[in-house]
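Before we start, here is the structure in question, set down as C-alpha cells.
To keep things simple, chains are lettered A, B, C and D as they appear, and every chain counts its residues starting from 1.
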C-alpha cells in the first residue's frame, strides 16, 4: 500500500507509540492527585509541555494549553479573542476564504452573534498578501486568523510578515498551524504569532491530542469549563499518555525537519513534474511556496471520487476535493477560493507524501494517475465535448 | 503500592491497552477518508459506537457522540439544553449543590448569561429527593442536570425516579454518569435519561476519551465547530484508537459489573467497618446507596493533606476534600453540601477501591489510617481543645 | 467496511455497456458538471425493443455503477418494461447505495427517460 | 516530581520540637480550623533567650514542616534574633514552598510573634 494521505492523518511513529504505551501501563496517575503516582504523572505532563515550548520556540511553559486536537485549539483561540473583542467593543475579524472548517465555522457562528468577518482573497496561487491583511485591519478589528499552511493545496503563507503587520496594528494574530508544525520551521517569536493551533496526529503523534500556544499576556477563556487543569484554561483530566506521545513525536519531527523536508521536496517535485505531463491538468496552489509533501492537481473532464476509487484499487491512498468525497454538493471551498470553477474542482487529486515515500512509489503513482485519468476520460461525456470542440478547455 | 484513588482515575485494562496499541499501529487511517484504510478506521469507529450503545442500552448508534472526556460531554449537554431553552424563552435550570465542577462552572457561566439556576439540597446523606426535583421544576425550566453518582462521597442518586419526574414535566434530563458507567447498572431507557455523560478513564479505559448520549429527537449543538465528524455534532479527527479502547474497556466492565460490584462492596463494607472504629469519625454520604468502591470519612481534629502524605509514605494512594489538596481556600463543596462544617471537612479521606483490592490491603489500610490519624491528633491543637473540653466535638 | 456494496464496486470496476452507439436513435444526457455528475445514454431501439444501449458518465463511483447497472437492466427489453424502470430498482439491483448517493440512481433513471423521449420525438418528426 | 522539597518532607515526617511545654512563659496560637491550619507555639524564655520551644499544629504537610523548621531556627537564640525571623527565612530554610503554600510559613512567623507578645504581656503584668 502507498499511503499518500498524510495531510489527513499520519501513522504514529514507533517512538510515540512506545512512549504512550509505557505511560498507560506505568504512569496512569491523575496529575491532580497530589501524591505518589499522581505527581509522577504531573512530572511527565510538565516534561512534555517543556518539549512543546522548545519545539515552537515559545518563551514559557505557561504559554501552552493542551487540547483534544487542532479543532478545539482553533475554536478556543478564536472564541477567546472574540470575547476580548466584544468586551472592548471591537467586533471585526479578518481571516481568509480557505481556512479549515474549524476556523470558518467558528467565524460563521460569531457572525450570527454580531461579529463582522472579512475573508481575504487567497488569489490564484493560494497565497495571502500581507498588504491586503494590513488594508483589511480596521479600528475595530480584534483578531486576524490566517492559517500557516493550507491543508488541501499546501501553500505556505507569509506568516512572519502577516504577524508583523498585526503587531504594528496591535491586533491579536492567531494562526492555524496544524499542517505546518513538525513539517516546516515554526517559531512563534520570529513569526510574530500571538496564538497558534497544532494537532498531534498530523506529525506522527496520537489522535485526539493537540495544543494551543497563547503568548504571555493574552487572556484566554476556556471552552470546556470544569476542573482547574491547564491553569484553569482547559478542564478535564489530562490525557497524559497522549500528551507525552505528542511531545515525543514533535521532538523527533523538529529534530529531523530540515533533513526530511529536503528529501520530501525532491520527491514532491518529481511527482509534480510527472503529473504535469497529463494534458489539461493544472497544479493547485503555488508550486514552490508549498508544504514539502503536498501535491494537488485538477484534471479536466473527470471526477475525483472515481479517480480515488481506482487508485485505491491500485493500492494508492489519496484524497480529493470533489463534492462526492465529502457528501456535500459543493466541491472543496479551498479550490473554489483559488478560482477553480466547479467542474474542474470536482476533478482534483491530493497526494500528500513524506520522507518515507520511495522513488519507486513516486513513479508508480505517476503511472497510475496517468492511466486512471486516461481511462476515466475515455468514457466521460465532458471529455468528449471538450475534445470534439463543443466545449472550451479550461485547463 | 495500594492504589485507592480509582475515582480520580483508573489503570487501563490490558485489553484496552492492547486494542489501542493495535489500532495505532495498523488502523491509523482517517475515518473521513472514503477509501481503503480510512474505511477500515471508520469500521472500527462504528463498531465501538455499537458497543457503547449496548453498554448503556441506548436505542440507536446516532445517540452516541464521542468526546474528549466527561468534562466536554457535560459542557456540551448543558450548553445544548440551554441553547434550546433560550430559544424557547425558558431560562431556568435545576441542578444540585454537589455536582462536578464541569457542571457547576458551566452553570455559573450560564447564570452570567441570564439563566436562573436552582441548586437542590442534597441533604446529610448526599441524596437528592425526587419530590424536591419535582417541586423545583417550573414553567420555564429547560433542563434538570443531576449526577448519577457523586465522585467524592459516592452516593447513588434515585436517577430513575428523577428521570420519571422530568419526563412527566416534559423537561430535558441530563445526568453526569461519569462515576456510574461501568460500575453500576446504567440503562438510559429504564432510567428515563435524555442525556448522559461518561468518561473512559474512570472505567479502565484511556484518558482523553468520553461520550455523550443524546436521546433521539433532542437537538444537540456543537461545542467544537469544524468538520462534519460525529454527524456534525463534534468536530475534530476522531481519536479512533482511544474510542476503540473505550469500547473494549466498557464492554468488559459491563460484562463483569455484577460480579465485581459484589466483591468490591464486601471489601468496601469491611473498610467502612474498620474505619468507624476510629473515635470521632463519620462516614460521608449514605452508607448503602453508594458506589461499590467508595469509602469517604471525616476525622475530627486532623487535616487531610498531612493524612494523605503519611498514607502515601505507607504506599497508600488516596485523596481528600481538604482545601490544601486543591490549592483553594475552601474544602470540598461536596462535603459542605452535605452539611459538614469547614474544620471537619478539612479532615476528610476518600479511599476508592475496586475488585482487585485484596483483603490484606483492606486490613492494611484500616491499620494505617488508624495509626496516622492517631499520630496527627497527638500534636493537633484542635484535638487538644476537644479532648480537654474547651471545644465541643462535632462528630 | 466499504462505502459501497460488492455489486456497486463490480459495476464500477467493470462497467457494462460503456461507450457510444454511432447510429443511436435515442440519446439522453442529464446532470451537470457543476454538481459533479453527467450521464449520457445511447439507445438503439428496434421493434419497440432496446437492441443496444451504451453510456458515458462523468461522475463518482456510484454514478458509473448506476449507469452500468441501468443499461444492463434495459438491454433487450421491450419499451413498455423500460418505461417502468425506477431509480429504486437500480439501487436495489446494486444491493443498495449510501443515502447521499441515491441521487446517482435517480440520474440513471432520468438519463434513460430522457433518451426515450428523444426517441419518441425523433419518431414523431 | 514531588510537591515538596526533600527538606519539607524531612521536617514533615520527623517534625522537631513537637509537643507542649507545661511551664511555657509565652504561648501563641494563630490560624483557624475553618481555613485548615492552626499553629500553637510554646516558648520557655530565660534571660532573653529561647531556652525551649515546642509546637502543636493542625494543618497540611507544609504547615507542619514550617512549624518544625521555625522552632529549630529560634531554639537557643536571643530574643533580638527571634524577633527578626521572617516567613521568607523559614521557607528558604525549607528549600522553598509551592507558591500557594507560602501562607504556611507566614503562619509560623505569626505564631512565634504571637507567643513573644504573650511573653511580653505576662512580663509586664
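Basically, contacts are C-beta pairs under 8 Å (C-beta built on N, C-alpha and C of every residue); 3 or more make two chains touch, one makes a residue touch a chain.
For clarity, every value in this text was computed on a predicted model and none was experimentally measured.
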Between B-C and A-C, more C-beta pairs in contact link A-C
Between subunit C and subunit D, the Cα-mean centres are separated in Å by 92
Approximately how many whole Å separate the CA-defined centres of subunit B and subunit C?
57
How many angstrom lie between the CA centroids of subunit A and subunit C, rounded to a whole number?
40
Whole-angstrom distance, CA centroid of subunit A to CA centroid of subunit B, is 35
Sequence positions of subunit D contacting 2 or more other chains:
none
Please set out, as single numbers or ranges, the residues of subunit A touching at least two other chains.
34-35, 305, 309, 325, 327
Provide the full list of chain pairs in touch.
A-B, A-C, A-D, B-C, B-D
Subunit D to subunit B touching residues, read off their complex:
9, 12-13, 15, 18-20, 29, 33-40, 55-61, 63-64, 100-101
Per the touch rule, the subunit D residues reaching subunit A in their complex are 1-3
Mind pulling up the subunit A residues that touch subunit C in the complex?
301-306, 309-310, 313, 322-325, 327, 329, 331, 342-343, 346, 379-384
Residue set of subunit B touching subunit A in the complex reads 1, 3, 5, 8-12, 17, 20-21, 24-25, 28-30, 32-38, 68-72, 74-75, 100-103, 105-106, 108-109, 199, 201, 206-209, 223-228, 235-242, 305, 308-309, 312, 317, 319, 325-327
In their complex, what parts of subunit B are in touch with subunit C?
34-35, 39-40, 42-43, 46
